[in-house]
Every structure is written in C-alpha cells, then in structure tokens.
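Below you will find the structure I want to go over with you.
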Amino acid sequence: MTTESGQPVEEVTTNPEGTWEVQVEEPGKYKVALDPSTLPQNAEVRGGNNTRTPTVYEGNCSAVLFALQPKGAPGQEQQEDAGAAGTFWAQAAQLTFEGLNLGLIIALAALGLSLIYGTTGLTNFAHGELVTLGALLAYGFNVGLGLHLIPAALIAVIAAAVLGYFQDRLFWGQLRRRGTGIIAMMIISIGVALFMRYVFLIFFGGQTESFAQYTAQPGIEIGPISAAPKNLVAMGIELVVLIIVGFALLRTRTGKAARAVADNPALAASSGINVDRVIRIIWTGGGAIAALAGIMLALSQNLKYTMGQEILLLIFAGVTLGGLGTAFGALVGSLVVGLFIQVSTLWVPPELKNVGALAVLIIVLLVRPQGILGRRERIG
Amino acid sequence: MSADEAPQGQAEEQIEEQAPAGSERAVTDRSDHLAGAEDAVLRCDELIAGYLPGVNILNGADLYVQQGELIGIIGPNGAGKSTLLKAMFGLVNIRSGTVLLKGEDITNMKAHSLVSRGVGYVPQTNNVFPSLTIEENLEMGAFQVPGKFKERFEFVAELFPALKERRKQRAGSLSGGERQMVAMARALMTEPSVLLLDEPSAGLSPKLQDLVFIQAQQINKAGVTVIMVEQNARRCLQICHRGYVLDQGRNAYTGTGRQLADDPKVIELYLGTLAKA
Amino acid sequence: MHAETQTTPGDRKAAALAAFKDLARDPGVPKPDPILVVDKVVRRFGGLTAVDVEHVEIQRGSITALIGPNGAGKTTFFNQLTGFDTADAGSWTFNGRPMNGVPAHKVARAGMVRTFQLTKALSRLTVVENMRLGAQHQKGESFWRAMIPAFWRGQEEEITERAEELLARFKLDAKRDDFAGSLSGGQRKLLEMARALMVRPELVMLDEPMAGVNPALTQSLLGHVKDLREQGMTVLFVEHDMDMVRDISDWVIVMAQGAVIAEGPPSTIMSDERVIDAYLGAHHDAPLSEGDLETQLHEAEAALEAEIEEETQK
Amino acid sequence: MDWITILSTTIKSAVNVETVLYGLAAIGLNIHFGYTGLLNFGQAAFMGVAGYGLAVTVTVMGLPFWIGIGVGIVGAIILAILLGIPTLQLRADYLAIVTIAAAEIVRLVFRSVTFKDVFGGSDGQRGFSDGFYALNPYPEGDYGFNLGPVPLFFNNRSMWVLTVGWLLIVLCCFIVFLLMKSPWGRVLKAIREDEDAVRSLGKSVFSYKMQALILGGVIGSLGGFIYGLAYGSVQPDVFGTETTFYLYTMIILGGAARVLGPVVGASLFWVLLVLLNGVLSEAVAAGYITIIDTNQVGALRYVLVGLGLILLLVFRPQGIFGDKREIAIDAR
Amino acid sequence: GGGDTATQTSESAAPASSAPAAKGDGTLTLGTLLPQTGSLAFLGPPEFAGVDAAVKEINEAGGVLGKPVAKFDTDSGDTTTNIASQSVDKLLAQKADAIIGAASSSVSESVIDKITGAGVVHFSPANTSDKFTTIQDNGLYFRTAPPDKLQGRVLGDLIISDGNDTVGIMAMQDSYGTGLADQVQKTVTDGGGEVVERVDYDPKAADFSADVAKLKAKNPKGIVLIGFEETAKVVQELVKQGMPASKHKWYMVDGNMSNTNYEKMPKGTLTGVKGTYPGAAAPDEFRDKLLAVNPKLEDYTYAPESYDAANLIALAAEAAKSDAGVDIAAKLAEVSKGGEKCTNFKECVDLLKAGKDIDYEGVSGPVEFNDAGDPAVATIGIYQYGNNNKYPVKALEYRTGNIEG
C-alpha cells in the first residue's frame, strides 16, 4: 500500500477470512496494490486490475475490495456473450410482460375516459382523479375498515359507480342542461381535477400507501418472466372487463344508444333514446371502470393522491393512439403505449421511457392521423 | 305594398324587396288559424321560441292538425319552419305558448318522451348517426320497440333497396341523398301516430322524391298524422290537405293545399313560377 | 320567365348553345373549347367503386348540369377534381394544366371552386366575414402586411361592397352581421354559394346549390347564375331539381354508379329512357291536377311494387 | 388576520411577474387555441425551449445575453416547425394529445440525467440573467406607493422585469389586435371553424396554421424568458403540462379569442390564488379555522381554486370578455 | 454560499444594505416555505413539525431578544406551479427575517434570488444539491441537510465492506438522488467494487418494472436504493422480479429509510436491509417531541434538519443581538461550531447570555457550517432493518466526519 505519490505505507497480508486493515496517519488518496502471486492458485482478480485507489477522509475508514474469480475459465468471453444475449431476450420477455401489465391497466382507465368522451364529447381532465378515487376508496375499506382487499375492492367499485352516477346527475348533467359548451366543460374538468386531487390530499395525505394484502408479493418464475400472482389475476380481470365492455358497446342496445348519443344527442333524443339516462349509465359504468383501473394500478404499484394524475397522460395517449371514442381502440392504443414504455428501456435510459412511447404516438399519428382503429371522415 | 303595384319587368327585384312584413299580410284574426282546431291531435298556440337569449325566431306561430290529416308548411328560408318543428318536438325551448298533443300539454317536454307518445321526427340537417352503420341507425329508430326491428327493417329495405345492400356501411360515409334515405327510413322504423318531416325530399333524386311524397301520402292514408315542411312546395301543396305559409316566425297564410298553390301572392312570394314554365 | 323577360339572352348563352349544337350525344364527347378535361378517374372505397369516369369534358362558358341518382358518385367526383380526396387513378386538366395531386387550396386558386353539399358555414364568423373570406389576392392575408391596416383597407372596402351586393342578391343582407352558425339550413346553402362566388372563379362547381332553398328565391338566383355565364364564368352544378336543370343548363351529364352514362342538351336527356329509368322516374314532369294525382299515385305504387319484385327476384 | 399583507400581496399579484409570464404565454396560446382553434397542449414547451435556450447559451456556452434571447426565439420557431409538420394535419383532439406528448418529451429531455451537462438535470440552469439586469435603469431601491395602509412596493429588480414584461404584453396585445382585425386573422378564425371550407376558398390552411403556431409560440417564448429572468433560473418541471392547463384556464377565464382575455385571465387567476392562500393561511394561523392544520392549507387552497374555477365557468361560461352568442352557437 | 468569490462578495453587500426586511424590528420572524402540496407534499408534515417543535421550545425558553418568535407558514408547492414565488412574496411582505425551506432543490433555486436579494436568510433543511455550495447568495443561504458527499461515502464504504463486488444502483432522478448516487458510485468504484448497473428513474413514472428489469439483467450482489417514498414501489418490484432482500443485499438512504412506508409488506421483506441516516442520536425522544406538535405524524424525514434550522437561526439572532437577516447570517457559522457544546435552544441561549461562545450540536448531526453555508461535519448512522420491516432506534454504528474530508 502506498500514498498517492507512491511513498510506501505498509505491506500486509490478509487474515484467513481475507480481510485486512491498515491504520494511516493522514487523510488523502492511497493506493492499494494486491500482489497476484500471493493469491491462492486458481484464483485471479476480477477485471485483472489489482490496484485500488481509495480516498481516506479524516476520522473515517475506507474499504477496498478485490473480487476474486476462478482462474482463466476457458472460453469465458464467449460464455459471457451468450449470457448477454440470453439475458437480453429474458429481459425483453420480462419487459413485454410488464408492458402488457401496464398497458392493460392503462387500457382500463382509458376505456372509462373513452366512454365518457365518446358519449358526451367531454375531454375529462378529471379522469385521473376518478382513477385515484377508486384506489383510495378501496384503501379506505381495506385499511380503514379492515376488510380484505377483494371485498373492499368490490365495494369501492360499486361506490365509485354510485359516485359516477351522482356526478352526472348533480353536476355534469346540470351543466349540459344549461348548454355549457364543450370547451368550457373541459376547463371545468380541470377545476374538478384540482378540486378532487386536493381533497384527496387533505384526507389521505401526501404519502405513498399500499393495500393491507398482496403488497410486495413475491414473484413466481414463468419461463423467463417473473410475475407476481396478483399481476396475473389482475391482467385476467382487466382483459375480461375490457372485452365485455367493448362488446357491450358494439352489441347491446344501450351500447349502441351510447354511440348514437355520441354522434348526435338531439337526433338520439328524436329517436326515442333517453339521452340523459344513457349518459348517466355511461358515467356510472365509466366511474366504476376508472375505479377498477385505480385499484389495479394501486395493486400493481402503490397509492398516492397523484397516482391518477401521473398516469393521465398515458391514458390520453392510449385513447388517442387507438382512435378516439372507440372501446377497442382504447385497448389497442393503451397496449401499444404500455409495451413501448417498457420495451423501449432496452435501448433508452429508463428515465426517458415515456419519451419512447410518446414518440411512437406521434409517429403513428403521422402515418394514421385518425388513430389505429379510427376512421377517416368523409368530406363534402 | 303589394306585388301588383310594382312596375312590370321588375318582378325579380320585387321579390327581393318584398320581405314579407308578417302581420301586414298575415291573417290578423288568429281564430282563422285555429278554426276547426277542436279535437286536434296536435295543436300549437302562439308559440314564441328562439335559440339565443333575447332573439325570438317564432313570434306567435299557430298550428293545428286533425287526426289523419297531412299538413304542409312552406315558407322562405329562415322563416322558422324547422324551428317550429323543433319547438313542437321539445328540441328548442318554447318561451311562451303551448303545445297540446291529444289534449295533453307537451310544451317543452323532452323529445324521447314524445317518441314514446307516438310522435316521430325527421330533422332537416344532421339527421343520421355518422359513426353507426345504416343498420344500427335504423335500429336506433326502433329504439323504443326493439322487438319490431326485424319486421320494420324489411319494410324500409323494400322502400330503399340501396339501404339494404349497404346495411353495414357507416352512415357517415354515405352520400347526401343516401343519408336522407336513412333519415326517412329511421323515422319509419316506429309506427308513429304523428310524424314531423323536415324537408324529407331535399337532396333526393326525382324518382326518390316521388317516392317520398307517395310514401308520405300512404302513411297518412294509413291513419298517421303528418306534418311536412318542404321547399319542394308545389309537390307538398299538391298532396297535403291543408297548408301553412310561415314567414318570419308567424303564419302568413293558411288554407287547403290547392288554395295556397293557386293563390297568386303565394306563388309570387313563395312558390315561384319556374315549375310551371 | 322573370329572369329572361328582364335581360335579353346574352351572347354567351348563344355561344354556348352554338358550341353544343352539333355535338354527339355520347358520354365523353369532346367539346370544342373544354375548360376541364377528365380522363379515367377512379375512386374506390373498399369494394365499392364510387367513381369510374372514362372521359368527360366541360365546355368553357357554359352551364353544365351533372345529374344522377343518389350515390352515383357526383360528390365524390367533385372531391377528386378539387383535391379534397385522392383519386386511385386518373388525370384531369383545368385550362390545360394537369391538376391531379394538386392540393385543394391550389385548385381553388387556379380558378376552380366548389361548394359543399353538406354545407360548411364558418359558424362563429359573421355572414359578411364569411363572404369576405372568399375574395382572392387579399393583401391583408399576408402576415406582415396584415399588421398595417393601410395596406389592405382600400381593398377590404371594395371586397365588402362586392360581398354586400351578393348578400342582397341571396337575400342574406338582413343576416349580414349574424353568426353564420345561426343560419337556417337553406340560408346556409345560399351562403355557401355566395361565398364561392366571392372567389370569382373561372369554373364554379356547385353541389346541389338549391336543395332546401325556397323556390321563389331559387328562381331569382337562377337569373344570377345565368349572369355568371354572361360574365364568362363556367358553371358545373349537381342538382336534383329538374325544373332548374331544364331552365338553366346548356348541357347535361348523367352519372350512374360512378360512370358517365349519357350526355346531351337538357331536353334530349330528359326524354332519354335510360335516364328516366335510372333517375327521373315516371312522373318528374307529370301534370298537376287533382285527378291525375290519384292515378299517379296508384301508378307509382304499381311501378314500385314491380321494381321491388324485380329486386327480390335478383 | 393580517389583512394588510393579504391585500398587499393580492393587489401586487395582479401585476406581478407570474401574471406577466403566464399572461404572455396565454396570449400566444390564445392565438393557437382561441383564434385558430389549434388545441395546443404543449405551450409550456415553447416557454421551456426559450428559457433553456437563453440559459444554455449564456451559462454553458458563455455567449452574451442577447444571443441567448435570439437562440431562445429561434428555438421556439424551430419547435413550432417541428411540432407543426406532423401535427397540423391532425384533427383537433389528436393535435391536443400530440402536443402534450411533444411537450412532455421536451421536458423529460431537459430533466434527464443523460443530458445533465447541457440542461442541468432536474435542477435546471441558473446564472444567465446578469446581462439582463445590467441593463436595469432603475437605481437600487423600492418603487411603488401606499394605497391607504396597504404598501405596494417592488424592488428595482422586479420593477425592471415588470416594466419589460408589461411592455411586451402591451406590444403583443397590440399585434394581436391588429392581426385579428385583419384579413389574416379572419383566415385563422375561419380555419378554427372549418378547414375544408377555407381550403375550398383557396387559402393554404397549413401555411396559416404554421404561421399561427410560430407566432403564438414566439409570444409564448417571451413568457419563458420572463420566467428565466425573473427567477434567475430555469427548472424543467416548470414547463410541464400543468402549466399549459393553467394557461387554458386563464384564457377561458378571460374569454377565448379576445385580445385582452388572456391577460385579464392570468391576472384574475393569480389574484384568486393569492387571495385564497393569504386568507386561508392567516385564518388557520390565527385559529379561525381549526378543522384543518397548516399542512392542509395548501391543499385547501387548491380545492377552493378548483371550486372557484368551476363556479366561474358555470356562471360565466364565455369568460369575462367572451361573447355569450358565440358560446351558444357551438352546441356541438 | 458565504464562500462566494471576492467579486461576488462586493456585490453582495449592496442589496443587503438597502433591502427592506433587513432592518431589525425587534421580533424574529420566521417564514416557512415547505411543501403542503405537490410531489414532495409527503415531506411537508415532518418538516413543519420540526420547525414548530423548535419554535415552541424557543418561545417556552423566553423567545429571542426577549420577544416570542413569530412564524408564518407557506406552501412551496413544487416546480410545476409558481406557488413558491407567491409564498415568498407573502413572507417578505410579512417581514420575515429568515425563511426555512424549500424541500426541493429546484424550488429553492427558483426563489433564492428573491429571498437573498431582500436580505433575508434562506435556510433549507433538505436541499442537497451541490449547486448551492457555489451559488451566488450574498452569504445568506444555509442548509442543515448535508450535501450528499459524506453519506454517499459512508454508504459506498459500507457496501464495499459488506463484500459486494457487483453493485446496482437505483436512484431517483433529481438532484438528491443523482448526487447521492454519484458519490456512492465513486466510492464503490474506488474501493474495488463494480457498479454494474445504474438506473436513474423518474419518480413520477407509472411503474418501475422496466427499471428493475434492467438491474435484474445484471444480477448485482448489492442493490442501492436511493430515493424517497416511491421506494416502496421499487421494493415491490424487486420482490416480484425475484431479487428480494434475502438474496441480494439492499441498501437505503435517509430519503427512504422509513418505519411506516414498508409496514404493510409481508414480514421479513426488509430483513437485513441496511441504510444510512444522518444524525447522531436518540431519534425516539425527538420523535416524541414532534408527535406532541403533530400527533398525526407518520414520517420523520427532514424533521431533525428543520428543527435544527429553526434553532440555529434563533441562536444566531440572539448572538447577533439583532433579528435582521444579514446579521443572523453573519453569526450562523459562529454558533454552529467552535465553543461550548450544547444541544438545545434553552441550554445554548443560556450559555450565550453568559457570554460564552457556543457550538450547537443538532439532532441531525453536529452541524458545523463551512464558508459556503453548508454543514462541514456530519454524523451518519448505519441502521439495519429487522424482521418487522422497521429499523431500530439504535444504529449499528455512527460515523462522523468532515464532509470535505
């Protein structure tokens, strides 16, 4: 061991555990060299470099480490290459899974948004808060009242549906009656978002919380993927809900009525559709679905009063990418967004992962300005 | 001022200047409008209605229609014909006046509840659901009687074979005339007892215009009360029992279709002479 | 005819009629002085061929009507020609200049302006602003000059004057300062047409300009359209109102199922069996008496039934 | 309750730098949204590009202040062009999302560790405003007056920023006023209503939209400069979507497509915010409100801001200057 | 900091002399600029509680200069809004002599000119960005949160001593996270370990699975988690992706060392996880103090630093016999070091009144300011989580050191 300038300080031999200790007089940079010839046979320093240059500060100690590995394992380099390729694909598989996981959550939230946008034309910036609301309600029933998460989640979804109903009944419906314009409503929804988000902050606080069950559930290995059972169940539920709602919109009378109202409320009324009722059903369903999305998000991640706001952009991206106002568009678009966010981290730094997804959004819309499943309008 | 006083050879300009001054020519005695209005199926009394605050489009329009009658409403552009239909159907806010349907006050009642009372309506513009297919559009027409859809669909498909071929095409991509067919067909999906038609023939080929007028008559013959707004005024007056001429939100003339069609002032101001030439 | 008693038929009308006099009645017949020449334009939507026009020419200085059953492809054809939609194949020239692939606004600038069947009023602009927008070569439409009113004041006044004249003609002067969004259906049609005329195009393409317009007003406007011809404009219009077609058009082109099936002067065309069959129906100019009406009704019913039967047999 | 402070801060906030910088950005956005109908949700990115353009030029490259301003404006123009080429042909609602996305990309790049050497990571850049303050004509000291017992004073640095800022606002409003009265403005408004109709009349919709995007972006970039200069620093998160949301709120509050709408909206927004904040925190501190504690004051203020916003728009959907008729026309 | 270069110091004198709030008015007025809203809102309650606890004690001990200390609370929000600036305006209007805040380095940066320009002390309990060491601040900026250097060094050393030859770092992407991560990375590398993966993640990201997958691909022995409460999500993800604390060695830092955050996780999730936390002793007693002020308190991050900040300002005012910001700033370094050691306001102020030079030893550490207004000395405790996902009051070991070395 020497000082930075090379004056020798001391030479030591490790004890049987391989540790050693040197007292130095002054703080400063030191150089620790390991004599490879003293190593046991068959061992060498990993990386081959057998000097270390720690800085020792006054009154402190400083540790150095020489990692050893078996000597000259033949074909080591190649093995590493093969290993790297292997991990790449394993990582890609894992990320694809994560992309689907995230994408489905986004899709669920996006479906709620898309329903409401589709029927009322309202770009609801408070939708993120509806998502948060679901999670917080479930948390309240789960942690506050001590119910198990599954019944708590069910009650929360129902409660959110009821709230969705009353939200339209008492608020948005009244605004529509007054003939409030779409843009004014959009800004009002920003107001509602602020209002709700900070009510959450007041009652819930600014910290991150988790449900009482299923938190930090250990993953199980499925091929190259490790997934927590809760993720798999959640994904199943999400998929089922998405498909049911998607088909309900396409096939059921109320679903068609919802699309009719979206197209032309006055004409829908003229056809005998109770427009207010349809919109109320959509709000009820949309609220419930948003809440479910919130619970799923909280289950997969955690709860925070801003959780919905933080995912809102992705929701919007999903809805738009798929084509505004179509349920299956929301699904497809969100999956693409989810996948791109996760898989793009193979190449871009994770801090920029949203950049990848958003860039894809822009590129897709360049090629298909009406979204993936959207249709062009006829001119003239 | 009347058209007769104007110098010859200036007829064209006359028409422009003769912005009808409402009350002047209008039958001042309102009882005229509503003579024989007892037991009317649908009856409007002095409707005042408008879109923007402070601007009335209807300034006391009266109208009645008896069971099984076919009524035509004609008038210049912007007279308020569509507004009158919309007001009756609960799509424009009525500021004063009443609408009675079979004796029941339906003023400002919501459109969908009128539908369940047997009133049907074909709007003038925006009369299809663009993102729904033709079939779904028609399904919406039968919204309150889903069980009847199949049967009625067959019926309208016979009337407009083009629609059946294209049943899966989205209405938003249809041509103007095809849309008009969808709109008409949509209203025919239910069997309303009162049908309000706002320019049902506009944009249709002559052949189909014929069909529309014939249909209107046939439906009417089957006992349906029809109120029809038309710019194809001559055809309209030919088939209707009675007609109203609306100008500036008021009734300017009323009478039987034939009376109106032959009235020189009506011809001068509203019908034009082109079709006769 | 009011309009005709007032003005003696102009030279242009005579010229147009003369030009058409000796033409063959075949679809796609060459015209002596075509302003627009269309070749093999095809537009498909999925399995549906909406437009498949082999060859068509529009005579300069004439009023040409384009008629055809609903869904024949007239509007789609307009869309192709004016750059609002991209044709799958085909080429066309306007004033000898190839126009395929030219964006819509350049087509309009070249002097070929169309109106929309489903009107496009600029809702939150007043009627007169809608009109002013139509004028071309406005100095004030360039960003830098816009900031200095002195550059464009004079021109603006001139434009406004022109706009007001047109508005009066189209009976919209009372609505001058109302938002276009508050117009009735028919008024929108009128505005749409008036605005297109503000462009002062060489060729104006009107898509059902008179659908929903009051007949009396239609009549007075026809005079105006004829005036346009006198001013040297070429008019191509789609219309289902046969009275109007008969009254003002010099030449009629018939489209069905995307293709041009017949051409000719109005009188000939309207007695053409195929056209009556496909388009006009039996009673487009039937007499108008009470008794006739009844028979007409029955006849029509019978015809309809026969047709339906035919359909179902197919 | 310290009413003097509440009044003084509230009144000052009506003209303070926040009002100025949001006002400028809102004027720009009003050109996009109010007049042209472009639902640009990326206005914050224009501010950011300008602020960072200035900051990076001065601090990282060591070039003079004026060059920084130039770089900022050129940056905004380039952003407008880059953003415009792919997006201006999109339908309004798609445009909204794409602009949000683009703005987020810009923000994430500014804040990324990868580019920390240039943009300074999440803390941003500082130390570029000296050139600006070197031009300050106000000698040291405070400027203002007492309104009764309420002191309304700004120090010389603030005065300089405010003077420049308000001059810019007046200038921008004047330009907007001139433009929107002109045929050029008419084309923009027509585009807002129906692009196809405008195309059919021979106007190049794309070109006008691009001009509007650039003009609004450049005016927005002035807001970014004022931010950077007033605070002496730029941080990436300032230029997030939230800022754009607030800008929209201000525009709608003031009245869209009105020359003074955005400025009045910005002023009103901040007055509302500061007033609520002052009253609430004083009331809590003085013990008038006991159901909430200090930690919740901030949240409660936003709750009330949200509520205020809702009520304002419910009862005056056209905003302060808006035309009720215009709102009534557009019932979808 | 106070260590501005000569040219800067000459500039700095001027505004201070003319600044309105600089004139002492006899009452020490403290303003807080701490997060009530925004992404750091969870840091607000402990920070406010720290200040409140200190002010309470100070006033119980007779106040400063014979008068009770006045305090105004304001919201710093986060940088997505311009709340902080408005809050500062309000505090300046209320003649604050010193402003405690903000939590976020970015927010502090956006208002430092305004605060120090008015001759007011800007004292942050939580800023760790090393920018503030060199920032131009007229000598009025101070902080109790040690710059990342010492903690990073201690942590890096700990990781090496534990024999982790391969290390993965997950760091929250802001000045706190990246600063600390840089230091850990440097120490580890110098000590012979290899940082095989370093992931800077966006704390607002919708989820962290991709970030963790990146670590997983490198399978490091030791995993360093640097961040705030969002670490709970990272932990979930680590467990899910098969890298639990039982297989890998996890390390945490003060930002995410929490006894409440991981409570609901299955027992044993964090067993053996080590972490570093600045501050010398007995958090328990101190926590009771805080709970007396705010019984709802769950988290204690930066509470000690806030508490020390308030105490130091009060002591400096007392020492300067003036409540003017500039005077306080001039004395802050003096009361923090060199002299008779004392650990709370009462004790210290008594010594001061007795004419003695004092050295305030805070809850967060010894707190000795260097010329830049940064703490020069700090004590870092090394704690280890038990089976119940909590860490004990008593550290495994404490390391005190000069930050600069």
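By letter and in written order, the chains are A, B, C, D and E; residue numbering begins at 1 in each of them.
Here is the rule we use: a contact is a pair of C-beta atoms (placed from the backbone, for glycine too) under 8 Å apart; a residue touches a chain by one contact, two chains touch by 3 or more.
Predicted model, so just to flag it, every value in this text is computed and none were measured.
Colleague: Chains shared as neighbours by subunit B and subunit D?
Modeller: A, C
Colleague: Any chains in contact with both subunit D and subunit E?
Modeller: Shared contacts of subunit D and subunit E: A.
Colleague: Which chain has its C-alpha centroid at the greatest distance from the C-alpha centroid of subunit B?
Modeller: The most distant chain relative to subunit B turns out to be E.
Colleague: When you take the mean of every protein CA atom shown, which chain's own CA mean is nearest to it?
Modeller: D
Colleague: Counting only Cα atoms for the centres, state how far subunit A is from subunit B in Å.
Modeller: Centres of subunit A and subunit B (C-alpha means) sit 55 Å apart.
Colleague: Whole-Å distance, subunit C centre to subunit E centre, using C-alpha means?
Modeller: Comparing mean C-alpha positions, subunit E is 76 Å from subunit C.
Colleague: Just the number, please: Cα centre separation of subunit B and subunit C in whole Å.
Modeller: 26
Colleague: Which subunit A residues touch at least two other chains?
Modeller: 198, 201, 349, 351, 354, 379-380
Colleague: Among the residues of subunit E, which ones contact at least 2 other chains?
Modeller: Subunit E, residues with two or more chain partners: 35, 37, 41, 44-45, 173, 200, 202.
Colleague: Quick check on subunit D: which residues sit in contact with 2+ other chains?
Modeller: Residue numbers touching two or more other chains: 108, 112-113, 196, 296, 299, 301-302, 325, 328, 330.
Colleague: Could you please specify the touching residues of subunit A with respect to subunit D in the complex?
Modeller: 121, 123, 125, 175, 178-184, 186-188, 190-199, 201-202, 265, 313, 316-317, 319-320, 324, 349, 351-352, 354-355, 358-359, 361-362, 365-366, 369-371, 379-380
Colleague: Spell out the residues on subunit B that touch subunit C in their complex, using ranges where they run on.
Modeller: 9-12, 15-16, 19, 51-52, 74-83, 124-125, 158, 161-162, 173-178, 180-181, 199, 202-211, 214, 217-218, 231-234, 238-239, 258, 268-275, 277
Colleague: With touch defined as at the start, can you tell me which subunit D residues reach subunit E in the complex?
Modeller: 2, 5, 8-9, 12-13, 16-18, 108, 111-113, 116, 121-124, 126-127, 140-142, 151, 153, 155, 157, 231-233, 235-238, 240, 242-243, 246, 270, 273-274, 277-278, 281, 284-285, 293-299, 301-302
Colleague: Which positions of subunit E touch subunit D when the two form their complex?
Modeller: For subunit E paired with subunit D, touching residues are 14-15, 18-20, 35-37, 41, 44-45, 48, 52, 72-75, 77-83, 85-87, 89-90, 93-94, 105-106, 109-114, 117-118, 129, 131, 135-136, 173-175, 178, 200, 202, 294.
Colleague: Where on subunit B does subunit A make contact in their complex?
Modeller: Interface residues on the subunit B side: 89-91, 110-112, 115-116, 121, 123, 126-132, 136, 139-141, 143-144, 146, 170, 172-174, 186, 190.
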